[in-house]
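Shared between the two complexes below is subunit A, which has subunit B as its partner in the first and subunit C in the second.
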Partner chain A sequence: MRRPWLFYSQLAFTLCVCAFLIVPVIMSMMAGVTENYFYGIKSGITLRWIYEVLDIYLDTIYLSLMIAVACLAVTLILGVPTAYVLAKKSGRLARMFEEFLVLPVAIPGLAIALALIITYGGFRDFRSSWGFILVGHVLYTLPFMVRSVLAVLSSIDFKTLEEGAASLGASFWQRFFGVILPNCRSGILAGSLMVVTLSVGEFNLTWMLHTPLTKTLPVGLADSYASMRLEVGSAYTLVFLIMIMPLLAGLQMFGTPKDRKPEAQSDDMTGKTSLKEKNL
Partner chain B sequence: MSGSRDHGTAIKLLSCAKTFGGGTVRALESLDLEITGGETVVLLGPSGCGKTTTLRIVAGLEEPDPGGRVFFGDDDVTRLPIEKRNIGMVFQSYALFPNMNVRENIAYGLKVRKMPKVEIDRRVGEMVEMMHMGELEFRRIDQLSGGQRQRVALARAIVVRPRVLLLDEPLTALDAILRTRLRVEIDELLRRLGITAVYVTHDQGEAMSLGDRIVVMSNGKVEQIGTPRDIYYKPNSEFVAEFIGSINRLHGIACGDHVEVAGGTVPWLLNQSSGKVEILFRPENVGICDVSVAQLKGKVVTSFFQGDRTRLIVGGLGERDIVIETTDRTEYISGQDIGFQVDPDSIIVLEK
Partner chain C sequence: MNRHEYRNLVILVLPTAIVCIAFFILPMAKLVMIGGSGERGLVAYLDILTKPRHFESLIATLLLSILVTVTALAVATISGLFLERNRFRGRGLLISMLTFPLAFPGVVIGFMVIMLGGRQGLVSEISKAVTGDKIVFAYSIVGLFVGYMYFSIPRVILTIMAAAEKLDPALEEAARSLGAPQWRVVLDVILPALKPGLIASGAICFATSMGAFGTAFTLATNIDVLPMTIYTEFTLNANIVGAATLSIVLGIITWTALYIARSLSGSNAVAAG
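Presenting the complex of A and B:
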């Protein structure tokens, strides 16, 4: 079948847009492994810059990962029960709280950071620890965890599931851990990936909250762009991309709702067998 | 799984009322109900009549308003939460756990009771065999049909050997053929277990075939409690009469041993009063006879041939048409004059 010219013109347009977005990423990644950016790729390919990045900024990578994991732990402990309570309560107050929770996403990170510094900046030890950054990250990522668990909870009839479990003698904690949590697994997983990804890449808040001793990866990145050779900054970007890619892929895999694959068996067959057995 | 009808736990509700929404919505008027051990009681009524609220009070999912009390046998369980009442419950939406397979679902109640694994395996095995679910044992819930799901839900509810079994519209989500089939299975099961059961439904067919007694409810109140026969033959109100089966209504004036209505007279042998009355009779209690000798006369509006019987809609007897069912093979045509009489034993008279 011959495709109409419209198809080809649309394809060309799409490819142009993709190229516009992707080429800079590739250029930057290439720059990170080029001996000398000004002479181009013919000056040779090297891992030198990457080693240099690891040498200077390894601690920022560790700190970023540590904060991401801590942030995940806190959002899990706070977010999952919050989502459960919000799903259970139907009142006006619960809905208002739900909206309130999303505010940090709407307010610019710089403003939140400033508010945190004004309020808690006086606590010297707290201000200079990575815990200060963690607080910002939790504020920013918590709504994503809550929303994603809430979405799953409102798609399953969890109240009836819980009543079913209770009728069978299960206590609240048995119900929560044995029935509720396993059935929101997909939401928890999607939320977790989201939280880790956002935390690792967060710059706005972190840039304001960090101290020279508590630099995270994106802050280090800005620092290297400002003060290092272009190749080092590019190599740093490459390291960042390698770290974040698996998370993004995971988000794609688990974040989208799965199609129901197996077809439910028709009632007819089994009904007949049992009827037959009864007649015997 | 042994035990006869008189071994089940009795249930007693004492002045149980329920108000929702901070005192604004009265879901259930104060209700007293005694259910003897081993009995199957069906709560029947249209949606919003309070039948599900009553069941949830028995289950422990709702607390009655202050003053109401719930007894299982001699134990006052009013303050016990559902998980401590040792009941079995079957839900309209099945409420099976999607994260577990069939076997794990059935075993759940035993597992939370911390029963030894050997015992769990034995009991679940027994149940799987009893419900003919051998080939489904390791299926996921989303691989089951509606009928299979409800069987798993039943198995899960009775494997824990509950004191009472509560069923909340268990067949409503299924199609008509399957509903009839499962109704037979549930009936057999209840009789075999001899367990006290409370069954909620809006389907009068289900209520008649499963219930030892039926509690007909409307607007949060009990209309009538009785055996299926009582309810069908001796309804004590218009609501009950209309809700169970189809029934004809004629307005008339009682005088002597008969009632005069628009299309003739209806014999009423037990008459003790005179004045305005309403006569109710069922379509199958009408005998068609020759117009010249008939007590009641009317005109055929429509006839529906249904194979085993013919259903006639007859007009000319007041503001409402009446329905007659006949098994004779005569063909009736619209507009034809028709004469009939009502079986005097079957009429129900409500005095106005």
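Presenting the complex of A and C:
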């Protein structure tokens, strides 16, 4: 009976790993609704801390959502056409451009934030507005949108579709809006979910780029961890988790474009695959 | 392709090119120049090797990242292989839970470490009940290690599972039919076949650990990892040249690691013809 033994020991190991990842999340969720964490859950369940968080940090939640929506709009306008061009052109210039485009994911947010502050920090109005944070978020999330759309484009034979449309007399722009965009739907949806998830959780760039008047949710989180009692930090984390839960569920459902080739599918079983490249 | 179409493609890509140049390439170029603009010019880039505080920080970060990478690879290989090769009830849920932390920002991961190893943490409560002494590890190098493991494991598991799926079962059967015991099959067949995946995910894991700022920031340990050193140089010491050189060096390290990962796993982004 060799195999069951191996199976159960591996299962036990994996469950331990899972516990390591999930137990602190559950503890933090409980702490967020516990009257006094020091005395444990028997001290009573309360929404007091949640209300306190909403009281102190509500504006950070609004700002994060606003930046995420703006970031999504910008990455859609910039990213989708760019992915199309990159799918169409295979020359050296296109590859070099792509390399530069994905660079913000490969280098720490701190470096990009420093570069932005050094270059544009002098423009006071821009520096103190949330547009400054938006610029950082766009740089960081754009590669994810481009890749997501590019993955769909490279898995369908869009050139034949386009030729068909062209032979029927469709102009370039008619083809782009009438044929290419509808066929990229799944990639655009997956990319959008990714962009919003990343933008709402972005800390490294944002911490450097924010001002006291432009605090986002993760900046507020760091602030509460450092200066508030454990229950408040936990309640705030709980609010954050509730906010990203639908996004994650969406990624799980729509993160894998359905019209992908089978071999491309394997890499994307949870739809969260691209998240593994995000900075922390 | 006619000239009209070429012009239209340029129009499509132009806004991105402008944003990329104005807000990324130019600022990064300026950062590189500022790094070399001190009295000593480009020699400042060698400070990371000659200034004890910078050098110590570099070594500490490298060692921590390597240790995290190796441990995460070991843990994730066991779990990833298991999850890919067995089908059982609850497998999907288990995978979902194991990859859930992928969406957490670094600060939240730091907080999870505090939940585990902080003054009111789980380990502190258990150790107090068992031995009477409170064990608090969150604010030491152990806390950093635990935090980095926390964000590394989910990433590596995903890559290992993808790599394990492509394994050819016939090779294993052949090895077994020739009389190889389980451990020889693992050592001589499975691990060599997983090697590209292991190197690729290890490189991603290493790069993320090198650049991780949020977790270290939340834990505020006395061990300065490189991103924290950059941050303190810039904000507390107003040493812009130092911060610039350090972040350029760090950027080169993480980019190189990710480049290795990409060239091994075959970039999915360059698939188009």
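Just so it is clear, the second predicted complex is superposed on the first by the 254 of 280 C-alpha atoms of A that agree within 3 Å, B and C clash if a C-alpha of one lies under 4 Å from a C-alpha of the other, contacts with A are read in each partner's own complex, and residues count from 1 in each chain.
Definition applied: a contact is a pair of C-beta atoms (placed from the backbone, for glycine too) under 8 Å apart; a residue touches a chain by one contact, two chains touch by 3 or more.
As the structure is a prediction and not an experimental result, all values here were calculated from the model.
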Which superposed partner A:Thr141 touches (first subunit B, second subunit C, both, neither): neither
Touching partner for A:Arg185 - first (subunit B), second (subunit C), both, neither: first
Touching partner for A:Gly169 - first (subunit B), second (subunit C), both, neither: first
Partner chain in contact with A:Ala87 - subunit B first, subunit C second, else both or neither: second
First, second, both or neither for A:Thr60, with subunit B first and subunit C second: neither
Which superposed partner A:Thr216 touches (first subunit B, second subunit C, both, neither): neither
Subunit B versus subunit C, judged by how many residues of subunit A each one touches: C
Which of subunit B and subunit C A:Ile156 touches, first, second, both or neither: first
On subunit A, positions contacted by subunit B and by subunit C: 264, 266-267, 270, 273, 275, 277-278
Subunit C residues within the subunit A interface of the complex: 4-5, 8-9, 12-13, 15-17, 19-20, 23-28, 30-31, 34, 75, 78-79, 81-83, 86, 88, 94-116, 118, 120, 122, 149-151, 153-155, 158-159, 161-162, 165-166, 182, 204, 207-208, 210-215, 217-218, 220, 227, 230-231, 234, 240, 243-244, 247-248, 250-251, 254-255, 258-259, 268-273
Subunit A partner contacts - residues on subunit B that touch it in the complex: 59, 61, 81-84, 86-89, 91, 93, 95-99, 108-109, 112-113, 132, 136, 140, 142-148, 156-157, 160, 166, 174-175, 177-178, 181, 184-185, 188
For the subunit A and subunit B complex, residues of the former touching the latter: 156-157, 160-161, 163-171, 174, 178-179, 182-183, 185, 260, 262, 264-267, 270-271, 273-275, 277-278
Subunit C-touching residues of subunit A, taken from the complex the two chains share: 2, 6-7, 10-11, 13-15, 17-18, 20-25, 27-28, 31, 37-38, 77-79, 81-82, 84-90, 95, 97-98, 100-112, 114-116, 118-120, 135, 138-139, 142, 146-147, 150-151, 153-154, 172-173, 176, 197, 201-204, 207-208, 218, 221-222, 225-226, 230, 233-234, 237, 240, 244, 247-248, 252, 264, 266-267, 269-270, 272-273, 275-280
